[in-house]
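Below is one structure, written out as structure tokens, with a few remarks after it.
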Amino acid sequence: MLQITNLVKSYGKNEPVLNNLDLTVEGSSVVSIVGASGAGKSTMLRCINRLVEPTSGSIKLNGMELVDLRGGDLRHARRKIGMVFQGFNLIDRLSVMENVLSGRLGYVSLFQAVTRRFPQSDIDRAFHLMERVGIAHYADKRADELSGGERQRVAVVRALMQEPEILLADEPTASLDPKTSQQIMSLLKSLASEMSLPVLINIHNVTQARMYTDRIVGMRHGNMIFDGGPKDFNQDALDAVYGGIESPDEEGVDSANEERNTAEALS
Amino acid sequence: MTKDAQVLPTRTWKKPHFISNPWLRYGFMIGLAVYLVWAFYSLPFNWERIAEGIPRAGQIFGGAFPPSFQRSGLLITGFTESFQIAFLSTLLGVLLSIPISVMAAKNIAPKPVYFLGRGIIIVSRSFHPVIVAILFVAAVGFGPLAGVLTLTLYSIGFVAKLLAEEIEEIDWGQVEAMRSVGASYMKALIYGVFPQILPRQIGLSMYQLDSNLRASAVVGIVGAGGIGGTLMNAFGRYDYDFAFAILLLIIGVILISEGISGWVRKKIW
Amino acid sequence: MVAQSTVVDRMWSRYSRKEQLIRYIVFFITMLTVTWAVSDIDIFWPWVWDAPNQIQSLGSRMWPPNLSNWNAILAAMLETVHIATLATLLTIFIALPVSYIAAQNTTPNKATLWLGRFILVSSRSVNTIIWALLFVAIFGPGVLAGILAVMFRSIGFIGKLMGEAIEEIDKKPVEAMQATGASKFKVVAFAIVPQVMPAFFAIIILRWDINVRESTVLGLVGAGGIGVLLQGSIDTFAWQTVATILLGIVFLVIIGEAITSALRKKVI
């Protein structure tokens, strides 16, 4: 369970980017976070694993306070938080297998890391997860030889290798074509229930948010202004979140049916 | 009634000058001329001695041809020593360059460490290797030790600088990803930074080996070991045919090493 | 009925068998070379451990720098700059025609290509100081030997880079000029020269900077410049004067770098 209380992030004396946010995420739900660029979605996600330092507030993961951790404690806590990035952030020159195993860097010694002598259990888990997402045959291929969708799947496996207690995805589909992004969203949704993992997804595509997630959180200028189910996220909510700033990525309500059929066929 | 044909003003065109401002342009040309005259005048030319030059050249080239490879023993020891100096200093220099370049990279080193790293690199680059060689010879004596010390410093100045610049241009996202899985500084360095700079590292090392091989021929001139010393002695004793032989071999060795390093770099890329 | 589950151990290693073999061989050869080099080299190992001591002792003998002879040093620095500048300017006249014949797309025939390449390679393979040795033997000690040495080395550098610049030009303007019936010379002037101008300036500026550094050491073999003073001070163990001269050289190098970066901004 993730519990964010009174989270504030400001840069210098400027307007705070995050303004007293409260958010609680339980169990194995998939929560999507929508909002215009600059609303603070990415900042909030990165505050959780401290890639961005919160100015004040509290973030508790399964009862453990994350905000004041340092050094080794912070690294141990990060092991429990898996992150998937928009740009995939794979080590291009290394093989898919090495990328996947790098998810265990928080658990192995420096010697094991340098000599690539990971425990057999890690290797077994790696193969198992790669087969689950369908990339096992790429194990020895260089990461930059894969397509975008395949790379994101490698990134998802890397995050899962950490045996995380929560999965964060920062606009995981923004660099992918519509069909591939549906595959990834569908994958994240199934994994959430298979592994009993809470998943937070920053996303621009409101249609996909409605379709693949159980709960939508809308942010605007660092404040949370919507928190409810996909059915409740109507046009008014949309305007409240995006209105006057930019139009969200929406494939149109008519094509929603078509997308639903494709999604069911894929999952 | 015929109207007079309209007389169009003649339009001329001249190519715009390279330097548009006429003051600057003429000033530059005059300045150049003045400089040349002044420089020539102020330099001390010993015209008498220079006049002896052409007949001297005749003597030298006559004596140099054909090149004499008789003293092959000296040639072999000299070149072997040059190679040893080049090899060891490249190895040492490249190994030391890795931590120094990490220290000198703005994006991964804390400020005071960054200044120290950059400082080391600047000091290593400031002086011509011959000057550094003279200083080391004065400190540790004649011989290849001074040569190895000199060229190690020389290698660091080159390799560490380029590596640091490489590091400053890496894709930071990969490092972020490693931090997010909970990797320590060292592990994030080894998985997130090194794979991005590795191909360059190998290419640089090959290039530096080549560079050091050339330089090792030269530092011997001031007593730091290698074929340079043999060459100096040959000139000093007017053994121009031997000197010519050494010169030819130096050119040959450099060409071969250039070829090999180019081939290796292609293979590894 | 008992279900038998066979656990298949999935093995993974970073390198294939063949790759591992190659890595071991390369490592082995490197280690062999290192061992041979270290054992065979003519170094008296006790001196190696003493080296930091010796270096530090030399350093203390050089402190504080002796500034008394500063006008002689300044004059010598100026002489060094003159050698570098004159040599670079004069080299242009030789290097350009050589680069023309050494470029595959502009050379008249195979023989000239080989001649051009040969000139450039010989020039590049012989270090400036070695050229200086030769010219001191011919013309005696003095700045002429220095200027010639810098020239002969610079021909190879400038010629090679200019040759590459010429080989990389766009052929189309050349063809267009040839189609108008222009003479060879005019084709060069109108189609080739404008394309290689930026490269030309960058190369000259770069080589001047390098030549300033090279000229500082020519005096060590008698070819003029501040190296003469340096050698004299070292021979007389006047370490504090040596320190001043070294400071002067650093100063020269810094000014050279400042001038070159300013020029580069203006020209490019």
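Each chain gets a letter, A, B and C, in the order it is written, and its residues are counted from 1.
The rule is simple: contacts are C-beta pairs under 8 Å (C-beta built on N, C-alpha and C of every residue); 3 or more make two chains touch, one makes a residue touch a chain.
This structure is a prediction, so every number in the text was calculated from the model and none was measured.
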Smallest number of contact steps required from subunit B to reach subunit C: 1
Reference subunit B; chain at largest CA-centroid distance: A
Chain pair that, of all pairs, has the most C-beta pairs in contact: B-C
Subunit B-subunit C separation of Cα centroids, rounded to whole Å: 4
Centre-to-centre distance between subunit C and subunit A (centres being mean Cα positions), rounded to whole Å: 52
Rounded Å distance, subunit A centre to subunit B centre (Cα mean): 49
Junction residues of subunit B - those touching two or more other chains: none
Contact footprint of subunit C on subunit A as seen in their complex: 95, 97-98, 116, 120, 123-124, 126-127, 139
Residues of subunit C that touch subunit A when the two form their complex: 9-14
Contacting residues of subunit C [partner subunit B, same complex]: 33-34, 37-38, 40-44, 47-48, 50-51, 54-55, 57-58, 78-79, 82-83, 85-86, 89, 121-122, 125-127, 129-130, 133-134, 137-140, 142-144, 213-214, 216-217, 220-221, 224, 230, 234, 246, 249-250, 253
Interfacial residue positions of subunit A with respect to subunit B in the complex: 49, 51, 75-79, 81-83, 85, 87, 89-94, 102-106, 110, 113-114, 155, 158-159, 162
Complex contact set, residues of subunit B against subunit C: 35-36, 39-40, 42-46, 49-50, 52-53, 56-57, 60, 80-81, 83-85, 87-88, 91, 126-128, 130-131, 134-136, 138-141, 143-145, 148-149, 214-215, 217-218, 221-222, 225, 231-232, 235, 247, 250-251, 254-255
